[in-house]
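One chain, chain A, appears in both complexes that follow, with chain B as partner in the first and chain C in the second.
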Partner chain A sequence: MNGAVSSRYAAALVDVALEQKNADRVKSDLAAFAEAFAHSSDLRTTLESPAVSREAKLQVIQKLGAVMELAQAVRNFLCVLVDHRRTELLFEIQDHFRTELNARQNIVEAVVTSARPLSADERNRLIKKLEDETHKTIEMQFHEDASLLGGTVVRLGSTVYDSSVRAQLDRMREQLESE
Partner chain B sequence: MANIKADEITKILREQIENYQQTVAVDEVGSVISVGDGIARVHGLDRCMSGEMLEFPHGVFGIALNLEEDQVGTVLLGDYTQIREGDTVKRTNRIMSVPVGEALIGRVVDPLGQPLDGKGPIQTDKRNPLERIAPGVVDRQGVREPVQTGIKAIDAMIPIGRGQRELIIGDRQTGKTAIILDTIINQKGGEMICIYCAIGQKRSTIAQVVKTLTDHGAMDYTIIVAASASEPATMQYIAPFAAAAMGEYFRDSKRHAICFYDDLSKHAQSYREISLLLRRPPGREAFPGDVFFLHSRLLERAAKLNDKLGAGSLTALPVIETQAGDVSAYIPTNVISITDGQIYLEADLFNAGIRPAINAGISVSRVGGNAQIKAMKQVAGRLRLDMAQFRDLAAFAQFGTDQLDKATQAQLARGQRLVELLKQDQYQPLAVEKQVLIIWAASEGFLDNVAVADVTRFERELLPFVEANFPNVLKTLREKKALDDAVKAEAKKAIEAFKETFSASSAAGAAAAD
Partner chain C sequence: MIQSTRNLVNSIARFTVAFFLFAAPVLAQEAAKPKLEDSPTGQVFRWINFVLVVVILLYLFKGAPSYFRGHAEEISQKIAEGARAREAAEQRRAEAKAKLATIDAEVAKIREEAKKALALETERIKVQAKSEAEMIERAAQAEIAATEHAARLELRILAAKMAIERAEALLKQELQPKVETDRFFNFVASMAVLMGKQQAKN
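And then the complex of A and B:
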């Protein structure tokens, strides 16, 4: 239920951000505010408490916005959230905002797990290969997991390309067990 | 031995290592959000199909039933206790299917087609999907060949044709399964393949059925699909679809099969369980809204194909268990409206000793008449009329018959003998020509002067007598399938000859003297 609500807010913010052509700024500002929101319990209490008046909350946002130099779109958006009393959905909205923005800008997030750190050359070749494959811009996150033994596991959305040695050993075991 | 095995392993390992670069496994995966009560909710699996098989860890499979915005609701087949939150779920790109083919005949299998009878693996490479669209209108034709159940009351008054769907409905302990078993036993030596699907029954009951069929040599042409009460609701839910998929193989290969779904009330209950756990909204009696469609798409798969498609057939005999004779409950009314007729079994009749306890008044077969052989049609019309008149008069007769006129008394007497005649012991199915002969004898009045108590014995002794002394009568009936004047004359001679040798029993004599 909440997923549906937060995805609607996120989609609206994406619309605004893309229209004003400052999507990256909106994205980073939203992330910055979300971080502040997560770390300061005072801020959370102020914005979520029904005891604080709407005007006071809006003033807090305006002042914070000025200090943090938030984009106008983000400030307005936070005001809307306060008005609608949806501030507790902020983190969910931020998640949905990222996915929605990626989808609109034809960006795919890929998570690459490898047994040892990949060299810059290897990383670029992997990105190139995946971009050719998917016809989309790839944003990569790199992780290391020694238990893979060798090779890489690339996860694109819900598709997994598994060429790790561990998976091959697993398959080999299955094959031996079934024979 | 150990040496050879080590060699094999080394060889496989070497092959794997040599081909190391070529294999990149591409999987579409999701992760388990929650699991419980045989249901798992999975996040991810963006392109998952409805009804697709999903692979969980520890070799457990599931079926995707609910495709939602950000999760997939699946039912799990098998032991789900080891599955944890966060486990990886893989797509298989396969719709659920079961093995089909001749290899299944004579076997007892679970709804996934795995053997339960300990007779080794099933050697077949053919598979049919669990859910298949039923044949369309142009692919079908009307029923034209009979399914002989071997039960006089059914074959004469409620005939079943190949490709028909005839419901067997009644309370518990009224002989529903007995009718099925008799029908299966009666297919011996014929071309029908029987598929008995047990849904939510006790294991002991299923074992009893298997034993009965084995003892009567009926397993040679029978498949048993069993999902017992102790199995998860998912297994019970897919069991009749698995049976239908196995039956469709024979239907589509120009042969004749018959599926018995015993019973669909329990099937509806297991579907209700799954639906409620998947949080689908409950409707009447807490069944989900599509429980009608569940049964209609199952029963629609029974069909008589047209000649171009090989004229194969799949007959369906679903069973519904009513509670205290209430046929207006949700599931009974649904299935009654889907099927081409129903056989009502009543506890009162059963207790009065009328077995099979068929209520001929409200049992109907909407299409089976077209499939009856001509001889049976000739005698059955008369029988049905006599029985109807008898039922009307029987209410009066309770207050004494003395004041009734002669014609009415004759009708009552005829009716009593017919009721007696339609009684039949279990596991004693009767060939159709014998049924025709005895029913013809009764409707021609040959039994009117036999005491009611003697009717059963009369029948039991008449048939071997005719077989031994007038074999032509039954032979011509069997071959010509019609009751012409020549046969009638011969039959009359045979029955009259028999009546001379037939002596009334002492019990009947005493009754007559009263």
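And then the complex of A and C:
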């Protein structure tokens, strides 16, 4: 139920962001506010408490928006959430927003984990290869994990491509144990 | 017994009273002087005295026939009871005698039956013991097999762990940056095949 509600709010924000052609900024501002919301219990209490008046909540959002220099679309959206008493859905809405925006902009998120830092050339070749294969824009995050020993793990959406030495050793161990 | 004694005492008492009643006028006649008794008045009193004596005697011995009759019946009943008791005793004695005559055979029979029962019980216990021993042996064998299987599994896991640790140590030495770079580009090159396989799977 909440998922459907969150999805509708996210879709509406995506509409506005694409219409105003500032989707990237809306995305980053929404993420920044969500982070502040997650880390500040005072902010959460203020915006979610029924004891605080609607006007006070809106003032808080406007002041915080000014300090954080949030896009106007994001400020307005947060005010709508306060009006509709849906601030507790902020994190879900943020997830749906990212998914919806990626879908509309033909973007796929990928997470690459490797045992050593990848060079710029390696990164670019990997991105290009993935874009060629998926025919979509790849938005990639890179991580390092020495426990992999060697090789690379690519998570594309919900699919994992694992060429790490650790995974091969694990498979080998399972095979030896089952023989 | 008590009743008989009481009856005897009553009889003696009655006899004593009657004796004195009969004897008293005779003694009185012998002792008296023959004067008044011989007169008509004396005769009258003598008859009155006689009537009184007769009435008293009749009163005293009124219950005597029934008493003797009852006593005789009681005696005959007791004799009959005694005869019956004797017959019963005779019968019991005959039975006991008959039993005694067959007691050896009975004892032998009982002994034989006891022997048979003992043999059967011994056989049953032997069979039961054998069955339980087999069951225990089967359980022990199953436990040994399970323990062996677990030990083999544990050994395999240990061997696999040691082999992997050894392989990991060797790989750490062998995986040079050049090798890693080659592996990375091979992986990138194989992405098309991997993604094709994934799409086919989906």
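In this text, the second predicted complex is superposed on the first by the 165 of 179 C-alpha atoms of A that agree within 3 Å, B and C clash if a C-alpha of one lies under 4 Å from a C-alpha of the other, contacts with A are read in each partner's own complex, and residues count from 1 in each chain.
By definition in this document, a contact is a pair of C-beta atoms (placed from the backbone, for glycine too) under 8 Å apart; a residue touches a chain by one contact, two chains touch by 3 or more.
It should be emphasised that the depicted structure is a prediction, and the values quoted were computed from it without experimental measurement.
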| item | value |
| --- | --- |
| Which of chain B and chain C A:130 touches, first, second, both or neither | second |
| Touching partner for A:4 - first (chain B), second (chain C), both, neither | first |
| Contacts of A:171 with chain B and chain C, given as first, second, both or neither | first |
| Chain B versus chain C as contact partner of A:163, first or second or both or neither | both |
| Partner chain in contact with A:118 - chain B first, chain C second, else both or neither | second |
| First (chain B), second (chain C), both or neither touched by A:149 | second |
| Dominant toucher of chain A (residue count), chain B or chain C | C |
| Touching both chain C and chain B, counted on chain A across the two superposed complexes | 159, 161, 163, 172, 176 |
| Chain A - residues contacting chain B, complex | 3-4, 155, 157-163, 167-168, 171-172, 175-176 |
| In the complex, chain C residues that touch chain A | 153, 156-157, 159-161, 163-164, 167-168, 171-172, 175, 177, 179-181, 183-185, 187-192, 194-195, 198 |
| Chain A-touching residues of chain B, taken from the complex the two chains share | 9, 12-13, 16, 20, 23-30, 44-47, 69-70 |
| Residues of chain A that touch chain C when the two form their complex | 114-116, 118, 122, 125-126, 129-130, 133-134, 149-152, 154, 159, 161, 163, 165, 169, 172-173, 176-177, 179 |
